[in-house]
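A single structure is presented below for examination.
We just call them A, B and C in the order they show up, numbering each chain from 1.
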Amino acid sequence: MSNYSGSQASNPFYDPSLNKRHFKAKAFKSFSIAAIIFSISFLIFFLGDMVYKGLPAFQQSYIQIEVTYTEKTIAFTRKAIDRKYRKVVSRAWLRDIPKRVKANPELLGTTQMTWVLLNHQVDQYLKGHYYKVKAKDLKLIQAMQEQGKIELHFNKIFFTHGDSKIPENSGFKSAVVGSILTLLVTMVVAFPLGVMTAVYLEEFAEDNRWTQLVEVNINNLAAIPSILFGLLGLAVFIALFGMPRSSPLVGGLTLALMTLPIIIVSARAALRSVPDSIRQAGYGLGLTKVQVVQDHVLPLAFPGIMTGSIIGLSQAMGETAPLIIIGMIAFIPDAPSSIFESATVMPAQLFTWAGMPERAYVERTAAGIMLLISVLISLNTLAIYLRKRFEVKW
Amino acid sequence: MSQKNSTKISVQNLNLHYGDNHALHGIDMDIHTNQITALIGPSGCGKSTFLRCLNRMNDLIKSVRIEGKVIIDNKNIYDKDVDEVAVRKRIGMVFQQPNPFPKSIYENVAYAPLKHGITQKGSTCDELVEKSLIQAGLWNEVKDKLSTPGTSLSGGQQQRLCIARTIAISPDVILMDEPTSALDPISTEKIEALMLELKQQYSIIIVTHNMQQAGRVADMTAFFHLGDLIEYAETETIFINPAKQKTEDYITGRYG
Amino acid sequence: MKPFALKNRHHGLKEQIIHFCLISAATVSILTTFGVLFSILFEAIEFFQMRSFWYFITGTEWSPGVDDSKFGAVPIFAGTFMITLIAMAVAVPIGLGSAIFLSEYASDFLRDKLKPLLEILAGIPTVVYGFFAAITVAPAIVNFFDSLGIHASFNSALASGIVMGIMIIPVISSLSDDVIRAVPDSQRKASLALGMTQGETISSIVLPSALPGIISAIILGLSKALGETMIVVMAAGLRPNLSWNPLEDMTTVTVRIVDALVGDNEFNSPDTLSAFALGLVLFVVTLILNIISISLIRKFKEKYKVNTL
């Protein structure tokens, strides 16, 4: 905007009525700037909030104490450590003593100075959060801290364990495995179906009522709230076909139906961007329609199709509501090994943790969110990269 | 031809750069009141760019840098204390492609006067719309369908609507950027007749690709080539007895 | 030798098989839509055989799980309406403002940087928004109103409404941005050449031209808000509550669907089946909104002959 403050009589373009209009224009612009600033700063605040809440979960408190490995302590694991520590260390760690001895038989009969996992209340205290620890135990912890016998270690458990009712023993692994299995089913079903539908609509279908019906349908399918797909999964896949509840099979199929329109729409756009001259060149060589599409059109459209599929995949990865309906929020301590077993997925695990009363789950939820969003952003970046890398201007 | 010497726009040493591209080289030119001045030259010669300098439409392009003066009523419109909005209010513009707003014919004409506060809603506005459409020679064709969309008119009618829209705010100068190149011969003829009509009240500057058009309507003609103003004289002189070889080459169709 | 080979019969068969496969694939999308519709419809019909449809639509008491259970969905609709209203109040101005900035004011450089950020916002899973609403926004609202001496619920409609609104910002901004950019530049130039300010040009010429597309974007956002589940499941209440106070806890259609189906109720009890009745309402409403939205955007496309939307 120019400076229009000059009010000299010598300026034939001086028009005081414009001041008000320029002011309005500036206000309008400021409003739009404020809107975008709000959106972006929310994003920054939100990501910052998640990192702030989630980062502590990547470390876990350990205490260095003597652990006695004998036949008796394997039977009664509580006895492996001094009585005064029993209220501060993790029950889950003690429970695993027999497993540890089995893995290292030479431990038997020895007493070791070992870093032992502390329980979540102590852990939260050490991280400066809300905690519930008795005064006596707190004193002990403070004393041990002064001796340097308490340390924060990298939280391996979060990556190697499944869910647990003991917060310090819970991890994201079974949810990750569940997600992978579920999305595998989703893509195996949705990708070919989506691409074939797109090929049919773009390359083969005549413009008749049937085709229009399919098109209207795809538009509507994309707009159906995701939770209703859960109702479909429940009523059809589980109740009607008798597929196992909570399984990646049912979850994957349900998500596949939701992902279908995304893949179809992007695949159609990719096919449409292949110029007709390519097809005509193919026909000119005496190829059949199927050959032209299969050997010439599809390969050219492939990057676009991949981009759309990746975007569909990342949406399916974050979807929760329909999976809750089909029971994929079960408590799953061990990672599923097939698509027929009960499983949970990453967002459903986050939902479960978010509903837990213990403070330790809050940081785990936020940490899980950090992981999930990192994966999603990576996938979307990959999609954008593919689009840019293989973008051909005809 | 009336020999009016009052200068409406005085362009002095105007240079324009698109980024690194020096597109106009030190143009000096005096444009007279109540005349039609035609700007001709091969494509890319800078004639349209020059036209857009006169109402500061080039300000919209971020990479453009302008030096020199465009003096209107003893004021350089590129002075810091001049508001480009006020400039455009006084220097109207008609574009190559007819571009009526997707509003009714009436609203197309009334839009700018209402915003500028030249008129208020009601009968005075109706009168202004009528007057402008009459001036643009469109009234008889549209008076019964003022509420239909401007975009529903034919190309030639649309262009006259755009002219009506421009004269509704009573500018001093009307810039026309190849106003008939998208139109059929009959519409073109109507627009040309209209221009001759309008020059009684306005100074008109027209960019045209069509030399015959310049010959038919213009009092003065300026020949641009590769960002230089090669020759600027009365139209007859340019066409019959040009001073420069380049002008003659162009006029006789050796390139362009 | 014949000049043209006869049609290779084997070849023809292969083509036919492929053609058949393609048609079958296209059929799946139709089957899915009808699958969703019928799976909901049949269970919903079963529900309405047990309970009055009229009371469901007009009744104000929702009390499942008791002997004298009642299924009047009005408080649930009201809660949905309130939360959606708050969401739209947040999303429409901010989404539209962002779109206007990106399409009209931002330089290409800035636009290239900001658009992917908005896409990140669009890609955040709703469960994450729900967590954020429950753990950060809801307590902040309670604290804020406490300091004013006003009581607010931890499950307030306001908290989930605001976060839902933020979720919808990219839905509205992305489509509106596309539509605004599709308005031909000649319109802007014409207006500026008439001595209009940029603000006047945008508000009087560009936005009215883009209006059908913008309304379509808003309707799409509305439909997303109505069907949104995770945010309200995590941050809104379970209690059907007929109230005008956005600081009270309220429940929504989607929350009640989840609540009805996650418990250990028998599948054929009215408690469970009520979820399908609510689902039917949601299906019908979002379908209608979608049809309106599509027809509006089609009108816009025809007007400006754009194919990129």
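Operating definition for what follows: a contact is a pair of C-beta atoms (placed from the backbone, for glycine too) under 8 Å apart; a residue touches a chain by one contact, two chains touch by 3 or more.
Please read these numbers as outputs of a predicted model, since none were measured by experiment.
If touching chains are joined by edges, the resulting network of the protein chains shown connects every chain directly with every other.
Chain centre most remote from that of chain A: B (centre = mean of CA atoms). Inter-chain contacts peak for the pair A-C, counting C-beta pairs in contact.
In terms of Cα centroid distance from the overall Cα mean, chain C ranks first.
Between the CA-based centres of chain A and chain C the separation comes to 21 Å, rounded to the whole angstrom.
Distance between chain A and chain B, defined via averaged C-alpha coordinates, is recorded as 59 Å.
The distance from the centre of chain B to the centre of chain C, with each centre set as the mean of the Cα atoms, comes to 49 Å. Residues of chain C found to touch two or more other chains are 197, 200.
Residue positions 85-87, 89-90, 115-116 of chain B are each in touch with at least two other chains. Shared interface positions of chain A, i.e. residues touching 2 or more other chains, are given as 18, 21-22. Contact residues on chain A toward chain C in their complex (touch as defined above): 18, 21-22, 24-29, 31-36, 38-40, 42-43, 46, 49-50, 53, 192-194, 196-197, 199-201, 204-205, 213-214, 217-221, 223-232, 234-236, 239, 257, 260-261, 264, 288-290, 314-315, 317-321, 324-325, 329, 347-348, 350-351, 354-355, 362, 365-366, 369, 372-373, 376-377, 380, 384. Of all the residues in chain C, the ones that touch chain B in their complex are 107, 184, 186-187, 189-197, 200, 204-205, 208-209, 303.
Against chain B, in their complex, chain A makes its touches with residues 2-6, 8, 10-15, 17-18, 21-22.
Residues 72-75, 77, 79-87, 89-90, 115-117 of chain B are the ones touching chain A in the complex. Within the complex formed with chain A, the chain C residues making contact are 11, 14-15, 18-19, 21-23, 25-30, 32-33, 35-36, 39-40, 42-43, 93-98, 100-102, 104-106, 114, 116-121, 123-128, 130-132, 134-136, 166, 169-170, 173, 197-200, 202-203, 220, 223-224, 226-230, 233-234, 254, 257-258, 261-262, 267, 275-276, 279, 282-283, 286-287, 289-291, 293-294.
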